[in-house]
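Each of the next two complexes has chain A plus one more chain, namely chain B in the first and chain C in the second.
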Partner chain A sequence: MRLSITPDFAALEIARDAWSEPFWQWGEQGEVRMPACLHCGAFRWPAGPFCPSCRTQEVEWRPTGQARIHTFTILPISGEATKVRMPTLVEFDDAPGVRLVSVLVDADPDTVAIGMPVAIDWIAASNGKVAVFRTEATGDRA
Partner chain B sequence: MGRKAQSAIVGSGATPYYFRGESAPQAVLELIDKAVLAAVADAGLHIDDVDGLAFFAFGFDTGMIIEQLGLKNVTFAHCVSAFGGGMAGMLDLADMAVSTGRARNVVCIGATQQVGRRVGQALGNFAASPDNIFHRIAGLNGPGQALALSARRHMHEFGTRREAFAEVVMASRAAAATRETAFRRKPLSMDEYMAAPMLADPMCKFDFCLETDGALAFVVTAADRARDRPQPPVYIAGAAQHGSCDWGRAFFWLGQTPEAFVSAGGVKVAERLYQLTGMTPADIDVACLYDHFSPLVIMQLEDFGFCARGEGGPFVESGAIRLDGAIPVNPHGGHLSEAYVVGMTHIREAVEQLRGTAVNQVQGARTALVTGGPAPTPMTAAILRSEP
Partner chain C sequence: MARNPLRDKVAIVGIGSTRYGRDLGRSELALGLEAAVAAIRDAGISPGEVDGICGTGMTPLAMGGAGFLSLQGALGIERCTWGKNGWLGSALVFTVEAVFSGLCDMALLVQANVRGANMSRSAARDPYRARAARYADVGGDVGLGDFAKRWIHSGEPYAAIMRRYMHDFGVGKNAFAMMAVNCRTQGTANPEAILRHPLSLADYEASRTIWDPMQIADMDVPCDCAEALVITTAERARDLRRKPVYVHAMSLGGTRIGEYYENFAGWRDNSFQVAHRGLWERSELSLADIDLFYPYDGYTMDAVAITEAAGYCGIGEATDLFRSSWDASRNLLMLDGRVPVMTGGGGLSHGRAGGANLYAEAARQLRGDLGERQVPGASAALISIGSFFHDPSAVVLRA
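Our next item is the complex of A and B:
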């Protein structure tokens, strides 16, 4: 059976700026939060300086709810017959319009499907924690 | 038909196409110089007649080109922002320049040389930023890997089959079989396609275009002077550019609207182009679509109205894009089978089709659509015509 890998992020240096910093701060606490406009409520991602809907600057970082697979791909790994890497795009029930680019770990590519709920997991990088996702079935295994 | 054309392509020039990196030790500017000189000769002009330059995708060192070619009187030198998406917009710049008198003979230039870098890994070539960190986490190093996410979504929403991707590739190979300039000329069968290794599931190695080197150039002049040139003029019926946050940075960020996510980002530019020219998809005889990845050809057929959204799969599987189909696509073999020079070979093919000199001539072709690449906005496209 093929299984998707958990990449090694130990050497990954996360580039941040003033607007993205809270995302990584919430990550340290084990939570994916996303910026919503204080004026119109629209989520925006990336966490840039202006709301694309109303051009307001201020945001509040809100909880995002259940994550689901919007789409994914399966990348072969050179020299590995049973290991693959699975980039995914995840959407959140409580943060409409936001799509997070990440990776599915410990997943069987033959059973993964669009729309599946996924659980968040956190992996240490050199200067923060990275949010990755696992299908709930394989997540229970851990 | 809508407005009369204001400008025309009167010269076309190209270097040979080289496999990735094999154009060395020529520098990319040397390739460009050669293409420019060939295009100027094809137009029956002298290099001193060139007074305008137009580029896209960040262009090239304008000063160096002017020095190397000894240009003395350049009154217009401009670049469409965006990446390959700006390709056809270069014709819009040239059209503007010659129709407003800013220049008389504008050379449109595009080239690529992949020495020490690969376009296929373009996403990994940039310095780390707060935004692209997510692609690194995911392992999305190239446009193809990121666009595989859209291809899967298109399959999910519309039932598009891998057989449709295969047909795009097989049609491209069938066209390339007769092309001396093509790298992949061997016909491809469905079985061979299905047996190929996946590079970014649901895309296999055949869904990815070539990585090659080369330079092309086209001379654009005002329509009223075009008939003085030796070649039959290929008129620019219209060229359009469009940017919108709905498509945004496309696969560089993957935050498109749900509708745009399963498109090739060309809906708005198509609308604008048809409005500008007063033409419709039914008026197009040949479609030269930027085919960096086969699923994106299907999405462009939908964007440009050759079929409805979601029907691109069955449309291509019906044989519609073959040379004798409803809308012949890339009779030169395109990026998938001939060569990849950031869309420039598509303009060359459109010119040859409308001059009536194409290797795989579409009988009676009078109009051709040329699209820029589905890539970060602005998106661009042009319609060329054999009559003004």
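Our next item is the complex of A and C:
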């Protein structure tokens, strides 16, 4: 069986800025929150200074609900017959329009499918924590 | 209809190409200059007549490489009243704009490509192996610089988009396979093609997986090469030695997702769709008038989506279109039974030239003097170059 790796993020310097800062702060508490426009409610991700729908600034950081796989790819790792890397894009039930890209970890690529629910894990980087995805079944076993 | 005041007012009058090679051992500038000199000679003009240059680069003012200022200096061109860099599909569009607007009269367009200079010698002999290894074990840089928006390599979102395409339309890889095989068959007639041996559908299936579901046969061939075009007004073109190839209509395209690959807005709302809508709103010629089709094939996913955006079939219907257009005895696509796709072999066979080789091939075909691979009577070509996200052009050239 092949299994997807967990990359080593220890040296990764996350580029935090005024607009994304709350995302990383929520992440340090183990929670995904996304910015929704206070005026029209549209989610805005990647975080930025203006709502592309109504051109206002203020946001509130809302919980995003269940994450599901939008799509993914599988990278073989040279010299490693049983290890792969899985860049994956997820969407959220309660944050329409938002897609988050990271890696799916500890997953058997042959069992992964578009639409599958995933849990979010947070892994230490040099100046914060990075979100990774975990299939729920694998998470339960862990 | 949208306005199209530039219709047939600007023409390609000179074409120059270098050799294509995996390891030519030359710089972007050296390659770009060779192509430039060949194009200027082909046009039969004096270099001093060039008064505008579009160089190579994603940054409009960047210097070095085969940027416009480096080219001007190295060519010793005394004065230019216009200069800019361009990339992929936009380079030709920028150059035509400049001539049409009057900022210059005789423009030189140069697109030079060199495989990553930081690769080792052995990597230079096998670029795929080197690239796959390089990206497969990169550890901590999902999100280089900005975790929220970056993929490690453009191949990753493209592979993920390809998977989503297969999921959304309930299809396998047939369309991708037929496009790949078609380009390799076309490349057998091009002496400069890097991959000049044909590929069968079975070979495609057996080709190595790079970013599942994307295979090596879905990806263009990295190489060292340059292409150059000389572009001028239709009036000036009529006095020159070469048969002019006219720019009939053109468009670029962009969508509200900006540069964020992961926010890909879907099959109906992407830059290819916008560019082709823009083109057909400006063109007096329609798809039925097109004799030659060049859908950019950086990845086969590009070429499939461009074919749909051009209007040859509905969105998600390329598999059926290609099946009904497939000449199994020759392993070739003939759209509507008559339109060849990617003569010359495109990026998948001829080599990765950022699409510049598609413009050059189309223009040579429309001149009608391409010898062995000339398509008889071809009088209009559709060339569409770029990605779902940036620099997509849709251009109709006519004889």
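Note that the second predicted complex is superposed on the first by the 142 of 142 C-alpha atoms of A that agree within 3 Å, B and C clash if a C-alpha of one lies under 4 Å from a C-alpha of the other, contacts with A are read in each partner's own complex, and residues count from 1 in each chain.
One rule holds for everything that comes next: a contact is a pair of C-beta atoms (placed from the backbone, for glycine too) under 8 Å apart; a residue touches a chain by one contact, two chains touch by 3 or more.
In this text, all values refer to a predicted model and were calculated from it rather than measured experimentally.
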Fit or clash between chain C and chain B when superposed on chain A: clash
Which superposed partner A:S78 touches (first chain B, second chain C, both, neither): second
Contacts of A:G41 with chain B and chain C, given as first, second, both or neither: neither
Which of chain B and chain C A:A11 touches, first, second, both or neither: second
Partner chain(s) touched by A:G30 [first = chain B, second = chain C, both, neither]: neither
Which of chain B and chain C A:P63 touches, first, second, both or neither: neither
Where chain A meets both chain C and chain B, residue numbers: 7, 9, 12, 14-15, 20, 45-46, 52, 70-76, 85, 87-89, 99-103, 109, 114, 130
Interface residues, chain C side, partner chain A - complex: 129, 132-133, 135-143, 145-152, 156-157, 159-161, 163-164, 167, 209-214, 256, 260-263
Chain B - residues contacting chain A, complex: 128-140, 145-146, 148-150, 152-153, 156, 197-203, 245, 253-255
Complex contact set, residues of chain A against chain C: 7-12, 14-15, 20, 23, 45-47, 52, 70-78, 85, 87-89, 97, 99-103, 109, 114, 125, 130
Chain A residues touching chain B - in the complex, by the definition given at the top: 7, 9, 12-17, 19-20, 45-46, 52, 70-76, 85, 87-89, 99-103, 109, 114, 130, 132
